[in-house]
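Alright, structures below, take your time with them.
Below are two complexes that have chain A in common, paired first with chain B and then with chain C.
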Partner chain A sequence: MTILRVARIACLIAIVLFLLTFPLFASQFLVVQIGIQSLFLGIVALSLIFLAGYGGMVSLAQMTLYGASGYLLAILTVTYNLPWFVGVIAGLLFSTLLAAIFALISVRSQGIYFIMITLAEAMLVFYYADQDRIFTNGHTGINGVQAPTVGSLVLTDPTTFYYMTLLIAALVYLGLRYLVRSPFGLALQGIRDNAQRMQSLGFYVYAHRVAAFTLAGLIAGIAGILGTWYDGAISPGSIDLTRTINILVIAVLGGLSYFEGAFIGATFFVVVTTYASSFTDRFNTLIGLALLAVALFFPDGLVGLSRKTVQLITRTTVWRGRVPIPLSSHKPVPAPGNSRTVASDSVAEDEQFMIVSVKPEEEEKQP
Partner chain B sequence: MKSRIRIVVRRRWLHKLMLLIGLLALLTACGGTSTPSGGGLSSGTPASSSNEIRIGALATLAGPFAVDGQDALRGVKLAIAEFGGKIGNKSITLVTESSDATPAVARNAARKLVQQDNVDLMIGPLSGDEGLAVRDYAKTQPGKVFLNGSSAAQDTTLRNPAPNFYRFATDGVQWMAGLGTYVYNAQGYKRVAILAEDYSFPYSQVAGFMLEFCKAGGHVVKKFWVPIGTTDYSSVVSAIPTNIDAIYVALGGSGSINFLKQYVQFGGKAKLIGGTVTVDQTVLSTKGPLYQRVLGVASASPIADNNPDSAWQQFVHAYKAMFPDGFPSPSLFAYTYYVNAKAALLALKQVNGDLSNGEARLKEVLNTLQFDTPTGPVKLDHNRQAIANNFVTVVNKQPNGTLFNKLVQVVPNVNQTLGVPEDQFLQLGEFNRDNPSCP
Partner chain C sequence: MSEFITVTLNGLTLGGLYFLVASGFTLVFGLMRVVNLAHGSLYLLGGYIGWSIGNATGNWVLAVILAPLGVAVVGVILQQALLRRIQGQDLREALVTIGVSIVVADLLLAQYGGQNYEYTLPDIINGPVNLGIANLTYPAYRVFILGIALVIGIGLWFLLRRTRLGMIIRAGIDDRDMVSAMGINVQMVFAIVFGLGALLAGLAGVIGGSNLSVRPGDDGLYLLYSLIVVIIGGMGSVGGAALGALLVGLVSQYGLAYIPTYSILITFALMIVVLAVRPQGLLGRRV
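Right, the complex of A and B next:
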């Protein structure tokens, strides 16, 4: 187990080093198209994973909240020529507020009903943006949004923008990791697993859900600011149904129960959409097949897959070396197909709060 | 206990299977990263060797205009084939990239073509708002030449043009040249209502129609703007005034025939006038009660399917010969991409493939390039926007009863401001729902 630990730390250092030095060896195209895009799409997916994996709320409104802050940033800085920080602050406030409103509407429903309500909210905003002429400029949207120059930092420079996005992504990631271990995060997971029990324990279920959803709105809003600067524009095409589903695809590909999955899924998605079109016109089919494979074989996404791989390798070496089997693998063998128990027999000690199952126990609760 | 062991074995099998499939999935993904066309993730080294010219083509191969995007690429391939696939001793490599008609995707695709696939020049995109996005991207790549595809938003070249963005086909306003005057004088329409989709391309079309129609003395009494993809026009139909002569309809896809059906069912009597993409094959294949209503619908376009001119007939022939699975006749998209590709190739030939010094010589030649397209001569104005012929057509029937667009008028050398001096034209402001207006 200590070897594993060392390997894990080495792996972590390698990843951090790789991310930090990426612009030094990669072409500008890779930094911009793959790097930055994966990071801000990853942040949106992160907000969804937080909601879905830890709060049991699969939200289709995350891209809309992204658009909310992006649009407000564009309107204030381009249409009204206000300074960038006004746009950023107002944008973040707006997406947070909108998320709170969305949450108040939707948190009392669950499962498929929750998905449908958030989808309705997303489409409502999309059609508003598509048809309003006064603020959102209809189908064309708002062009000419530019990242600002802050002191000596020229954010329009791709490398600077990459590091800023990386820093923000890391902060959001670490913040969320911290949050899910906090009493609030634990209560949220409790609510996901059994809302009635938590209620009878004295937790206010809906308030927790609203708070989580609002926070996710802020996170999606942060990505919205970054994404709108990256695109230099925002239009209804940035928040349409395709983009909404893309975030869900990214989250599922990466693994709905791991925060890392957001970025791994986003990178996978961006790489495939960028390069597959060089080989085939059917790159959407390719993404679809990957999604199908993930949904069928790796319910925990690409992260779950890599964890299982590590687990498999260590288990075989342990067996081959005839080393006494660690206590943890003496647990009862679970029934096949039950992903929750499958993974619980080998989780490392620091992962005791990692949630492996995506599914809340909705089957029991559905009327 | 026995059964438990069996489960363990089976699960290990399952693990291996999962691993295998996962690795395959990852390999397909990694395969993408390690062998991009032309090769080299290594930073910035241009992949184009000295005996190769790389041309990028960006069209919508996904989304609502996927079929049009395919035809657009046929236009580019046709032009390259005309030059035998080479300029001097340099061979031409075509790299295609797809968007889904949204500006953000178009910008990403353009960035990939230029910065990853290292194309020397790029042709595209297809739809209006994409054009504005690619034009803005072109400004960040001053060393490359960008040629428009069929994107027809007027502002792409009229306001804030990019010095390295060329459009050798006319725009959405120019595509209406001749129509307003024709329907006023020849068809006698004085009062017209307008039904169009609510985005930049129809704004250009409506403006192009109204500028002439209002000037001739006509009145546009009411305008209806519907979201893209509307199929139920009942609210519009019931609000259309009865004292009008015609309705100008600029709807894409099957929108116009849907509207006509609902309008006729409602008892509407007014005739139709069509935008550039309104009278398409779905309208021309009309049978039954709508047949008589479709007859006589006038529209205008930079191409006319039944143009008897020999240059056009040759073009159609070449298209059909090269693409037996293509459309019965090259579409507007094939034509515009063809013209822009041909302009690029002609200029490349003149400079003998010299792309040195930020493609300076190529730009110089493009700025003053004049040549004969299948629809007549084309040249550029000072904004690098085409001045070319436009065609007014009317739906007519052939002896066997099938409908076709009959060419009734050629409007020669239409410029971007429809003959109005540019400063006056710019004072009209950007065209939108309410501008222009002549109630």
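Right, the complex of A and C next:
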């Protein structure tokens, strides 16, 4: 146990040191292409993981909320020449507001219905941005968005921008970790596991879901500001179906129930797309196959895979007393009439989607 | 007035096309609870295969018949090889179909490139036709789309209401476990229904591709319309898909004609209103 603890702390220190000193030894290409991109894509994925892992809501609208703040920032600072902080504040408010509206529309539905409705919302906003000529400038989008200079901080400088993105990513990560341990976060997890019971305990389920979705919208909006500064432009192509799904791929690769997974998945994704595109045009096929492999064989993503490996190596009983529950909205019941018998131990392994410390009751049966 | 009639006809024919795409989507969802996010890719696959067949043989009718069958085979393989392993876990099923759609879209892009492909239509449905109302002429092919949507709609109604297979499917939508307990091979029914859904997507691909053209990006577009149609009409209901397709087709065309820049927002508003009043969709049952 103690050895494990020491190892964990050592790992943590090593990771923090690595992230802090990354621009000192890495080339500018690595910092800009891999470092910054992984960080702001990770923040978007973080907002999805918060919703999916802790609220049971797999939202496909996170990239759209990213686009909402990005677009407003671009419109205000480029089209209307307003100062940067006006654009940032208005952009964040806008993505939060849009998230609240999306939430009011969609949180009454759950599970797969929720995915469908948020996907429809995302695609509708994409086609709107593509059609509209007055605000979003149609297919071309808005170019020439520049990160500002604040006092002596020149944010157009890659290293400075890297540290700012790192700081914001760390704050969002720590903030969310704090939040899920707060009464609100615990209630949210209760609602994820059994909404009916939470309702009868006096919790306002609907309001909790709306609040969580709105907060996730703000987080995606923060990433939208960073990403738009990074790209220097925003267009419908920044929020299209591919980008929308990329965020889901990142979150699933990392592991839908661990916050760390957001950044691990994002780094993996950015590295693969950056380097694979230099030796093959078919890197999207690679991404698709990676998603298939994770969905079929490692439902817990890279983080889950590494945890399982650690468990296997140490053979400790760290997880004793904790019951794994599946991430899917209802339990994987062996299908009726399935001629193939599934070995019970492989089912148990498949069910280790998420580790929680409470024993879930029977899920509501779908009619 | 004649503009209004033309726009209405556009809406109706587009609704017919949306119905073709969405009927397969809703059928699969109704019975198997699988949200097939690769449905748009199956549409696109049908469009490309159909174009290749038409281009090679010069026979459009052959393309309409063979391409959907090819897509149905792909659909059955997808269901048997990938989805059957993870049956009942809806998130994983959605992820797998997304993975498939990424791979299919990328491979089709590699094979066919980024340009548009246009079909050569047989003379009989190519060119305008006089409708006899207000002296209007209208593309004959669009009337044909409406006709084929009607035929498919009636065919599905007949299949679901008047045949033994339809009876099993309807019973399966209500209670899968019970159907299986009655000694029916549910897995076989699943494979058939998924194949049928893919067939309809492939057919829509050829029909829709012949209307305008086949090009990359159509997969996302028709997936979106399938989603909106079944969200509005009610998930799993074929009648709901028809009603939803008609509404979406008409509303989007009126929007495009009278407020072009914001037409998509009208469709969005339609979806919001329906979800606010009936979260389960117009003809859907409570879930």
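Keep in mind that, in the parts below, the second predicted complex is superposed on the first by the 315 of 367 C-alpha atoms of A that agree within 3 Å, B and C clash if a C-alpha of one lies under 4 Å from a C-alpha of the other, contacts with A are read in each partner's own complex, and residues count from 1 in each chain.
In the analysis below, a contact is a pair of C-beta atoms (placed from the backbone, for glycine too) under 8 Å apart; a residue touches a chain by one contact, two chains touch by 3 or more.
None of these values were measured; they are calculated from a predicted model.
Q: Mind working out whether A:58 is in touch with chain B, chain C, both or neither, as first, second, both or neither?
A: After superposition on chain A, A:58 lies in contact with chain C alone.
Q: Given the touch rule stated above, what does A:232 touch, chain B (first), chain C (second), both, or neither?
A: first
Q: Report for A:128: first if it touches chain B alone, second if chain C alone, otherwise both or neither.
A: Only chain C; A:128 stays clear of chain B.
Q: Looking at the overlay, what does A:310 touch: chain B (first), chain C (second), both, or neither?
A: neither
Q: A:105 in the overlay: touching chain B, chain C, both, or neither? Say first, second, both or neither.
A: second
Q: With both complexes superposed on chain A, which partner does A:113 reach: first (chain B), second (chain C), both or neither?
A: second
Q: Counting only touches as set out at the top, which of chain B and chain C does A:32 meet: first, second, both, neither?
A: A:32 contacts chain B only, not chain C.
Q: If we overlay the two complexes on their shared chain A, which of chain B and chain C does A:284 touch? Say first, second, both or neither.
A: both
Q: Between chain B and chain C, whom does A:241 touch in the aligned arrangement: first, second, both, or neither?
A: second
Q: Mind sorting out which residues of chain A both chain B and chain C touch, each in its own complex?
A: Shared contact residues on chain A: 127, 131, 133, 240, 242, 281, 284, 294, 333, 335-336.
Q: Which residues, counting only chain A, touch chain B once they are in their complex?
A: By the definition above, chain A touches chain B via 25-30, 32-33, 37, 127, 130-131, 133, 138-141, 143-144, 231-233, 235, 237-238, 240, 242, 268, 271-272, 274-279, 281, 283-284, 286, 290, 293-294, 297-298, 302, 305, 308-309, 312, 333, 335-336, 342.
Q: How about chain C: which of its residues touch chain A in the complex?
A: On the chain C side, the touching residues are 33, 35, 37, 82, 84-92, 94-96, 98-103, 105-107, 110, 176-177, 179-181, 184-187, 220, 223-224, 227-228, 230-231, 235, 260-265, 267-268, 271-272, 275-276, 279, 286-287.
Q: Residue numbers of chain A touching chain C in their complex, please.
A: Touching chain C from chain A are residues 58, 105-106, 108-109, 111-113, 115-117, 119-121, 123-124, 127-128, 131-134, 240-242, 245, 248-249, 252, 281-282, 284-285, 287-289, 291-292, 294-296, 299, 326-339, 366-367.
Q: Show me the residue ranges of chain B that touch chain A in the complex, using the header's touch definition.
A: Chain B residues touching chain A: 4, 7-8, 10-12, 14-19, 21-22, 25-26, 28-29, 32-33, 36-37, 41-44, 61-62, 95, 97-98, 100-105, 107-109, 111-112, 115-117, 128-129, 132-133, 136, 198-200, 227-228, 432-433.
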